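Presented sequentially are two complexes of chain A, the first with chain B as partner and the second with chain C.
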Partner chain A sequence: MNFIDILLAGAMLGGLYGLVAMGLTLQYGVARIMNLSYGEFLIAPAFLAFFAVSGWGISPLLLMLLVIPLGFAVQWLIYQLLLTPLVRRAKGGPSLEVDSILATFGMLFVVQGIMLVSFGGDYHSYTYLSDTLEILGSKVAANRMLVLVVALVLGGGLYLLLTRTRAGAVVRAVAVAPQFAHLVGINVRSTAALAYGLGGALIAVCGVMVSMFLPFSASMGTMFAMKALIVVIMGGVGNLMGCLVAGMLLGFSETLVASFIDPGLTLAVNYAVFLLVLLFKPTGLFGRAAR
Partner chain B sequence: MNLSNKRFILKTLVAATALAGFGGAALAQEAPKSIRIGWAIAKTGINAGGTSVTTAPNYKLWVKEINDAGGIMLKAYNKRVPLEVIEYDDRSSTEEAVRATERLITQDKVDFVLPPWSTGSNLAVGPTYEKHKYPLLAATSVTDKAPDLVKRWKHAFFFLGTGGEYAEDLVAMLEKAKKEGKINNKIAMINIADGFGVELANATRKAAKLHGFELVYDKSYPIGTQDMTPVINEAKGKGADTFVAYSYPPDTMLINEQAKTLGLTPKVFFTGVGTQFPMFKGKFGAAAEGVMAPGGIDASNPQMQAYLKRFKEVTGQESDRFASPIVYTSLQMLQQSIERVGKIDRAAVTQELKTGTFETVLGTIKLENQQLTKLWHVGQWQNGEFNAIAPTTRAGAKAAVIPRVTP
Partner chain C sequence: MSRKEVLIWALCAIATAGLALLPRWLTDEYYLSLLISILMYCVLATSWALFSGPTRYISLATVAFFGLGAYVTAVFGESLPWIAVLGIAAGVGLVTALLVGLSTLRLSGVYFVIFSFGLAELVKQLVTWWEVNITKDLGRYVFVEITTLDIYWQLLAMLALVLALRALINRSRLGLALRVIGEDETVATHVGINTTRAKVLLFTVSAVFITITGAIMAPRWTYIDPSIAFAPAISFQTLIMALLGGAGALFGPILGAVPLVLLFEYLGANFPNHFSILLGLVFIVIVYFIPQGLSGVIAKIFAKKGGKA
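Here is the complex of A and B:
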């Protein structure tokens, strides 16, 4: 396996990991909701894409136009209806984290149950954009390349949005000091709801992208949520750049180990890198010193 | 109402109660209202995918067919008795499968229990079946331990053979192709790091040595791998004409898709569980042609044709071409055993399963040492059907297409 192969394979896998985690980092980092039903909300748009492609012949990219606002709306509503009472009760205290874990854990089973009843436990898969691209003499799948591009554009774009705009500053203020943000006139709850909804839109994008090249079933959500959680914590909670960097780190270390040592060790190296990062930077790569 | 009147009523009541009691004794000789069938299968979790393709639809089909016909004929009562189903979700956890099996037997008091999907789950529930002397129809379990297990588990039946048999028949077929000059002596092999993958890879290593093959690439990968690029790129550079992957459904899809895009086109392309699924053909279409995998069917067999047709009618999906007909075969054998015994007598039914000869979708079947031996070990997608190609000597085997013509 040559240098370019490894570079591209690592970057594409890293992009996928980064993309999977971006929504969670907004939901956890800004809205302070540890969303355990994250994976289920990733699989649901994947099903939508499956039926759009195989049933109605709609391109999954076109479907994004529908899926992005839908993902936003669903999660925004969930925050307003289900999570706001918890937020109110917690009064900015640490009990929000525990309560939200329990609430979203329940939601996980509800969403998964609905999907199982509607679509069955079967694996689903379709072919879209699986053409071969030649980049510097190395062959890559177009759909995986697209994931990398989308991850970079979304990650970079949102990063700029958060760091360079006024709205971004508001969101960051809520992420950093939710107890004090309202003192400067920020509506903490609606900002958190916005971030939570934005996270939902990102999950939806990710679900559609993933369905293009990974087979999925109604019960596979937890696997994605686990991966996302690792990336989020590694990157520093609430940091979009951190997500991308941590994702890349995992992607490259997996690809390198699989190519040069043994593919059987990819899982082990995943956790080894995770542990190492936490050992030296307990708040993650881009994490704040204290919260 | 005077006293004597009261006494009369009392007497009548006593008499009626006695009669009812007597009547109750007489009713005991009558046929049971239903034959209670229980199963704990993975409706959620990691095993749900395999279960919903291979196991659940066959259970559904079997119950529907029997109940549409009025039930199973119990000749001891000269009456057809319908099936009653009690179902649990084992959530893909072997502990939960064991608990639910125990519950089905001791609390729900079912007459028979049908097993979950996968080798691991079947082996996990085995001791529970044995403890309660319930026959275990392990139709989705591939294990080299089967010949030893049946010595300890007098009520267990294995229908999918041993890993050794699959590897041996695959490599024997490859040797034939090698002798005909169609392929070289190099094999690149990968396997998923769990019971199924490890066992088959071990068996293949042995068989490869025996038949003069060299394993130029031999690695395992963990469950949940989402990118096969490094593996495929490595295997590509090794000059092997044969690529073998002992994989599970999600990785089977991944390997085939990525092999296509990354340009891995060996003369023999073999992938694991999932290749025989209707989803595989649905996804890859013409690109499925020539891919080999464990299993296969003799599509020219009219009983098999009828089964495939009924399966689709009742379940609304296509049957897989590996373990699905085997699961159905095990159910047909159970039904025929119960009918021959004529009543719910598990010991007698178990004995009948051991010694009887059965008419099934695989043809006429007789178990040897509690194991089904009349199996197909390698199949290949040929013109849209997953035909059995090995053991090459058995009637019904189609010739392997080597080299694979990639469309």
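Here is the complex of A and C:
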């Protein structure tokens, strides 16, 4: 592999990881729910895309727009119906962390089980935009390039939304100081639900994107959730910029190890990088001191 | 020790002896293997609670140690005497736990959950990589001259050991230190508890027990590969059993393990395809309806009765 190949492959993988993790950092950073079922809600839209594209001939790009409200609604409802009781019970105490991990863990198994029963454990894929483009003398699949572009557009859009709008300021206020946000008239719980839903919209889009260029199976969600968790924690919880940087770091280290040492060691590299970052910066690359 | 405590210890010794003699009347292979699953999860859940119960650190690394133990048996089982195999397993568990503990127990809360989950996947991938690249063969056959009855007795001995150790630690200064860490780690540091030492010590002891359990259980499979030995389900089930029973109480994990092994056995036999959905529902039911665990529920009922009388 030459230099440009590695640069492009690393950037694409990193962009995807960063984007996948952005939804999780919104959910965990604002709503304080560590959503372990995150990966399953990425794979479910991938299946939706599979049937929409191969069965009804809908373009995945159109579908991407359609799943934004759908993903938002699903996660918003989950927060309102399933997680609000836990938030109420915890009364701001530490038990919310453990309870939410266990509850979303249960959801992980339920959703994954439903997908396994309905679609089986096989890998699914369809072809879309698989022609190759030539960039600076190296060949890339067009659909992968598209993923990078979508990741940049969505990531940038979200960043602007959060830093330039009033609603974004409210969300950030809750992320920074949940116990004081209500003093300035912010409804913390509905903001948390909003952020949770926003995270859901993001993963739904990611799911459709993944389906365009990767074969996927019903049991693959956990892998994505793990990577997203690593990226979120490495970048500093609730930090969008950190998400992107950590995602890129992971994408590049994976690409380098896969192409120069052994593709079988990518996961090992993930954890090695993760551990190294945490040993030197326990709150993540851009994390605030002490939560 | 008070008279009451002597009585409890004696009762436990009698119960252990009774369980040890049980297979004399139990000739059906099926029931013996069911008993072995129950015992295995009792040992795993109790060992898990040894560390996670008082400190409230949720560890998902159970299967990392369990799988390592199973691999020790697969590698050395044929060439070394059994006691040496168990010794090596204990050593491997000890060294790994120390390495992991010293480097990661500074993490807390969700950071530790994620790391411990990742650890199991990491160990699995490293073992896979080693088998594929160095030994050129992914699976291994386990040849050990151990009967089913031997496994039963060894698991029972392990269970007695872990329970006794837990009881002793609970009464000691170390047990108090761990409970303070569980309540509030900052406070623990401020009152002069060496939190790192206490956590690493307990994490290691718990990991050694889990590793030996893996080594004992390995002969139950005649063939193992990384996806069998490091099946994440083992971590999840251990966790949910300990929590259902109540990880803080001495007999809590057993209280959770027995009904859940039976339930999972029933579900696995009758609804193999829907197993994971049902497992998820069990998780959710426990979180929403029995947050304090069964031992908490029982304690509440007794407290009410005591209040009336």
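Simple rule for what comes next: the second predicted complex is superposed on the first by the 284 of 291 C-alpha atoms of A that agree within 3 Å, B and C clash if a C-alpha of one lies under 4 Å from a C-alpha of the other, contacts with A are read in each partner's own complex, and residues count from 1 in each chain.
Rule of thumb we're sticking to: contacts are C-beta pairs under 8 Å (C-beta built on N, C-alpha and C of every residue); 3 or more make two chains touch, one makes a residue touch a chain.
All values derive from a computational prediction rather than experimental measurement.
Look at A:T132: by the touch rule set out above, it reaches chain B but stays clear of chain C.
In the superposed model, A:V98 makes contact with chain C only, not with chain B.
By the touch criterion defined above, A:L267 reaches both chain B and chain C. Look at A:V150: by the touch rule set out above, it reaches neither chain B nor chain C.
Legend: residue contacts after superposition of the two complexes on their common chain; A:M212 is shown touching neither chain B nor chain C. By the document's definition of touching, both partners, chain B and chain C, reach A:Q112. Contacts of A:L279 after superposition on the shared chain: chain C is touched, whereas chain B is not.
In the overlay built on the shared chain, the residue A:Y123 is in contact with chain B alone; chain C does not reach it.
With the contact threshold set out at the top, residues 112, 116, 262, 264, 267 of chain A are in contact with chain B in one structure and with chain C in the other.
Residues 56, 58, 103-104, 106-107, 109-111, 113-115, 117-119, 121-122, 125-126, 128-129, 132-133, 232, 236, 240, 243, 273-284, 286-288, 291 of chain C are the ones touching chain A in the complex. Residue ranges of chain A in contact with chain C, taken from their complex: 28, 34, 85-86, 89, 94-95, 97-99, 101-103, 105-114, 116-117, 222, 226, 229-230, 233, 262, 264-265, 267-268, 270-271, 274-275, 278-279, 282, 291.
Those residues of chain A that touch chain B in the complex are listed here as 1, 5-6, 9, 12-13, 16, 112, 116, 120-127, 130-132, 139-142, 144, 213-220, 223, 254-255, 258-259, 262-264, 266-267.
Taken together, the chain B residues at the contact with chain A in this complex read 42-46, 48-49, 51-53, 56, 92, 190, 193, 219-222, 224-227, 229-231, 233-234, 237, 249-250, 253-254, 257-258, 260-263, 274, 277, 279, 283-284, 317.
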